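Next come two complexes, and both contain chain A; in the first it sits with chain B, in the second with chain C.
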Partner chain A sequence: MGAVSLPKSDGTTVKLVPSESIVDAVKEIATTHPHLVGITAVHADSNIELLYSFDNFRGELRHLRVILPDKQPSIDSISGILLGAYIYEMEVRDMFGVNFNGHPLPNTRLLLPDSYPAGAPPPLLKTVTMDQLMKLLDSVQELQPPSPAIPITGSSRYSAESVVILPFGPYHPALKEPEHFALALEGEKIVEARPRIGYVHRGIEKLAENRTFLQALFLVERVCGICSFHHSWTYTLAAEKLLGITPGARAEYLRTLVAELERIHSHSLWIGLLGYWAGFDSMFMWLWSARERIMKLLEMIAGNRVNKSYITIGGVRADVSDEKLKIVQREIEEFKKEFKKISEAVMSYEPLWERTKNIGSFTAELAISAGAVGPTLRGAGIPYDIRKIEPYGAYPDLSFEVITEKGGDVLSISTVRVKETFESIRIIEQIVEKIPSGNPVPQTFFMGTSKEGEAFARTEPPRGELYYYLRGKVGSRNPYRVKIRTPTLPNLVLAAEALKGYTLADVPLILTMIDPCFSCEDRAIVYVKGMEPLMVKLPRSVPANLSLGCPI
Partner chain B sequence: MEESNSIKLIRKSPWLFHFNSGGCNGCDIEVVAALTPKYDVERLGAVLTASPKHADILIITGPVTRQTAGSLKMIYEQMADPKIAIAIGTCACSGGVFRGGYNVLGGAEKVIKNVICIPGCPPNPRQIFAALKKLYENKLEEEKNDGGSKLTKE
Partner chain C sequence: MVEKKSSLRTWFEALENLFSSPDTLPPEEAEKAFNGSSRGIPVLVPEKCIGCSLCALSCPSQAITMVPGGKKTIGNKVVEVKNPSFDYSKCIYCGLCAQVCKQNAIEMRTDLPPIIIIKR
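For the complex of A and B:
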């Protein structure tokens, strides 16, 4: 069998499980490790290997591996045990054609376009080339707007008189990015929300397999423009593990510096947008103008404001001089004062509290079952932060707090983000003081070939845990497989659940709550065509047999 | 409908409609940054509108994916004449780094004609402001370039 075991140095264990007993194995593992990190599929040696990764919120990862034949692969769905699994399973079904028995949404797509022919081979199989796919898709493409997916109509669960199905998006004034929601409304109240993503699916995972390790770095950076540095960093961490390269200490500090600047810019952007959706435009303008100070620093360090292309395999692409570090120190001090003033003003403003408190409420159990990550999960009181539980970069040397809030609503998540911004400022102050000397730029950029093996890496971008998986084939210049699990995917599962029971006017706030980044999740495909199996009931809470054994 | 080749702004307050055709969010946040205090294209009377029917300028960000191409065409057709389309970022100009992907058609000119291209990954808000200012002052010169137009110096 083609399965390679993950390097033992990661402290992880991989258990090979026969496909029939996956449900029992997941039931057992979920009692101690309830966080499903992702389902990674790889097509190798006429097999499809599925890797289920679980965490216990303390960084002790456990993996289950299932090997399926690539001819009509089929396995039982685990979405009855962990709610969030359904969206990962849809992704694997779209990209690899694996059939999940008992899946709550059979025959629906998540990421592939509506024009993708039903009988066509799934795009990520190794036997399907990019040319074949282009020919196939060019032959069917017609410039018709996709028909709004209305998957809820015709259901016997709601009578036509009482429920209105409202298509929300893909291009809606309340969404900055294209994404479609089918909302079932009873009067003003939402009773069901069904997402359809895939509008910004660019097929990055397939493209990356056709590029060298270094070229793929610039590609994955453009998965998302807001957390672009974290994407390139996570990819680099996985590639360095796979290729056996260690960056210098100064490079680690500089990477951490840019990552924390990125967190500040992303959080202040988000807090500004919260004001925008709540109808508090001054708050939006204040925060975006304060944020420009950080953008200026990023431009000074990396030469670009958004897609920074600062990191490279084995180090960073340019050093930062001591004068520039002094400017960072001075500007961050100014930003701190400004941000303190603004955040105190807006977070103590009563109408904003009233608009956000108890909106989009969810329980910690629901968040865990959905697999939520980042500030969304921390807003429900669970201190899950990859920087702390699996330190990377310079984080082991730096002191910072993991911010949590009780409540699990828009307000608690906003408070987490405001406090995290101050923690990031603290981290940057320490970096400027402690940064070691040395040359952070590698002698040559990596142009070599891969080793046989696989590696994964996790980081904590502003939106939550990001997971990359890399597989290399010996002698190859290109990665054999790049798997990206972005934070918005599990958080979206939670947001769709949290929408239920709230009014239409709350939709922008609740969707904003998770800081959605659809460009992230859409590298892969889902679609719901016509009137297919309607209103499938998803498990709404954690099953009774899932005990939260970990101290959270 | 007759295709017009001249790029001229009739109104002195160009309203914008922002369309993400599959972008990474990078150009989108730079467009919003151009609207907020430091750059402030609202100085030119430009505001974001929620409806293409009220817009004079269509701002396109990101490579055109197969799923959004139809919507892009529909939204452009809904805009009243005279209308201007601006592709912001290399992806919207040509498909950029994603060109050759199975789900990517390419730049915006695959769907609409006469697109003003502002390349960059993403273009700086200063560049976005400069382009809008040139449009505002009717100083934009046209350089024919395979269906798309390019910004040139005066």
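For the complex of A and C:
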């Protein structure tokens, strides 16, 4: 193993650990750095490199690297030490075929479809090409019965009389995005919950390896509709670190402006949805109509409401004029008034309060062990905000507070989100006042080749810490590996734990607590047959003298 | 923030909502394909195109293919040029092609009707 060349990491410590002693190494590191950021796997030089990243809630990252052979890779599971690790390990197992000894769910898939042939090579290996992958997914004619998420037979943890395993989802009226929960119910009480995701896989990590750095930027933006800008920003931060490009100060401010507008729209969307789940439909409509103001601002700045395509490597794609900044200032003032009125009315509404207090309670220790991030973790009193501990963009120049609440239940998390919206409004007011002059648009768009090396970046989207890992190979126009760890993945572990002890009627509310974005997590594979033969027709009303350059 | 709401306030809010204008757009506004902020549809200006393929190389959704565009005089030479052809069903309307084009040969037009994609 000494022959393996390790690319330098950027300033943080990477420790090479032999695969046998991973459990001891993690035990040691977890005493000081209890937050597991993610497990990144890379297939390079007939090895599978696993990178375990840990944080101590102050931004001092430490990494452990394990190198496994790509033939029958096997390593001990660390889910006994950190609870949240089990879901990361399942992802690595599905995508790279690494076997984790002692894993609590040894035969269950998380992301790969159940129809994916059992003996087929795992999809993210470099030896598997896109064509092969499509053939593999095409060749399967019949769906296999899904593997049980909660092992009932064999280990017989529950006696059949007292416990009912209830499938919840993937298509369920209480869920807006497809995701399956296996709920073990004793009467009406949940005793165990196991998530199964991957119903909306799009293969973004694999696709990104087949595109140039600039093209992949537009792809990663489509990981999530609500935090689309944060995805493209985090990718850009990692790419800029890898390629050694620095954006201008005005570009940093404009990026921060769009990111904070996105946070406001995401939080008001969520608070509205909370009302919807709790049976308070007027609240849903009030908040969504207030949110429309923010969406219009985003459209004015970026040209698009959802997938903004506003950021680029080295800057942003368009400047925002002073007149537009004045409109932002005016509209945000209006929104502030409106939001203040609604949030006061909503948060003083007693039935909502009663419905959310002490529902889905969890302790700070559990949240840390599950690896929870964002408002979910801050709702349990831990001030973990990447904007503060690892400042990026224009955040070092701006003053804002990290909102925390004691308690750790649906109510405390809702309060965090309401207060955070006001903080975001404060940030935007500062941006409009402080924004420096200059040209934020880069002279040329990056279309060059990569350097050898690896880089990672973290940002704080509305749902919590987002982690991107990029690996570059010298002379290549494409990234060698793009790893995305979205905030919902660790939060989902916490939600599954928080469900225990509550009734079935609380399930939608507790799942909503983490602001789940299941499509974010699903980035593996889906190939839809029959989507290719699309024909484009311009309507007849196109003026006859319009030249389209080519026959269509 | 959390306090009990008086019944007076409830009445006040109900009255306010009764007389305020609706939040939804009027139909004639909602039916418009583009507004002032829209990016538009990429359309080629063939006279300006020199066939450098920069747009096709940068296109994130690989919606641009270069097709023969006939002969053209560039400088004092007559050369065969290729012109970009847009697959509007793949296009994500990001406008990157228009931005990377050094000749400004791609226009993002908002005066066109929306493109309708019909499945064969």
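Definition applied: the second predicted complex is superposed on the first by the 497 of 552 C-alpha atoms of A that agree within 3 Å, B and C clash if a C-alpha of one lies under 4 Å from a C-alpha of the other, contacts with A are read in each partner's own complex, and residues count from 1 in each chain.
In the analysis below, contacts are C-beta pairs under 8 Å (C-beta built on N, C-alpha and C of every residue); 3 or more make two chains touch, one makes a residue touch a chain.
No experiment lies behind these values; they were computed from the predicted model shown.
J.: Classify the contacts of A:Glu292 with the two partner chains as first (chain B alone), second (chain C alone), both, or neither.
T.: Once the two structures are laid over each other on A, A:Glu292 reaches both partners.
J.: Should A:Val432 be classified as contacting the first partner (chain B), the second (chain C), both, or neither?
T.: Neither chain B nor chain C is touched by A:Val432.
J.: With both structures superposed, pick whichever of chain B and chain C touches the larger number of chain A residues.
T.: B
J.: Of the two partner chains, chain B (first) and chain C (second), which one does A:Asn307 touch, if any: first, second, both, or neither?
T.: So A:Asn307 meets both chain B and chain C here.
J.: Touch check for A:Leu133: first (chain B), second (chain C), both, or neither?
T.: The answer is first: A:Leu133 touches chain B but not chain C.
J.: Which partner does A:Leu269 contact after superposing on A: first (chain B), second (chain C), both, neither?
T.: Only chain B is touched by A:Leu269; chain C is not.
J.: In the overlaid three-chain picture, which partner chain does A:Pro113 touch, first (chain B) or second (chain C), both, or neither?
T.: The first partner, chain B, only.
J.: If we overlay the two complexes on their shared chain A, which of chain B and chain C does A:Gly225 touch? Say first, second, both or neither.
T.: In the superposition, A:Gly225 touches chain B alone.
J.: Where on chain A do chain B and chain C both make contact?
T.: 218-219, 285, 289, 292, 304, 307
J.: Please give the residue numbers of chain A that touch chain C in the complex, ascending.
T.: Per the stated touch rule, the residues are 211-212, 214-215, 217-219, 285, 289, 292, 299-300, 303-304, 307, 309, 317, 343-345, 347-350, 353, 415, 418, 445, 447, 533-539, 541-542, 546-550, 552.
J.: Under the stated contact criterion, what part of chain C meets chain A in this complex?
T.: 1-5, 9, 13, 23, 35-39, 43-46, 49, 57-62, 67, 69, 83-89, 92, 94-96, 99-100, 112-113, 115-120
J.: So in the complex, the part of chain A that touches chain B is made up of which residues?
T.: Contacts found on chain A: 112-116, 123, 130, 133-134, 137, 141-146, 170-171, 173, 176-178, 198-204, 206-207, 210, 218-219, 222-226, 228, 269, 284-285, 288-289, 292, 295, 304-307, 517, 519, 522, 525.
J.: In their shared complex, at which residues does chain B touch chain A?
T.: On the chain B side, the touching residues are 18-30, 32-33, 36-38, 50-51, 62-63, 65-71, 73-75, 96-98, 100-105, 111, 121-122, 124.
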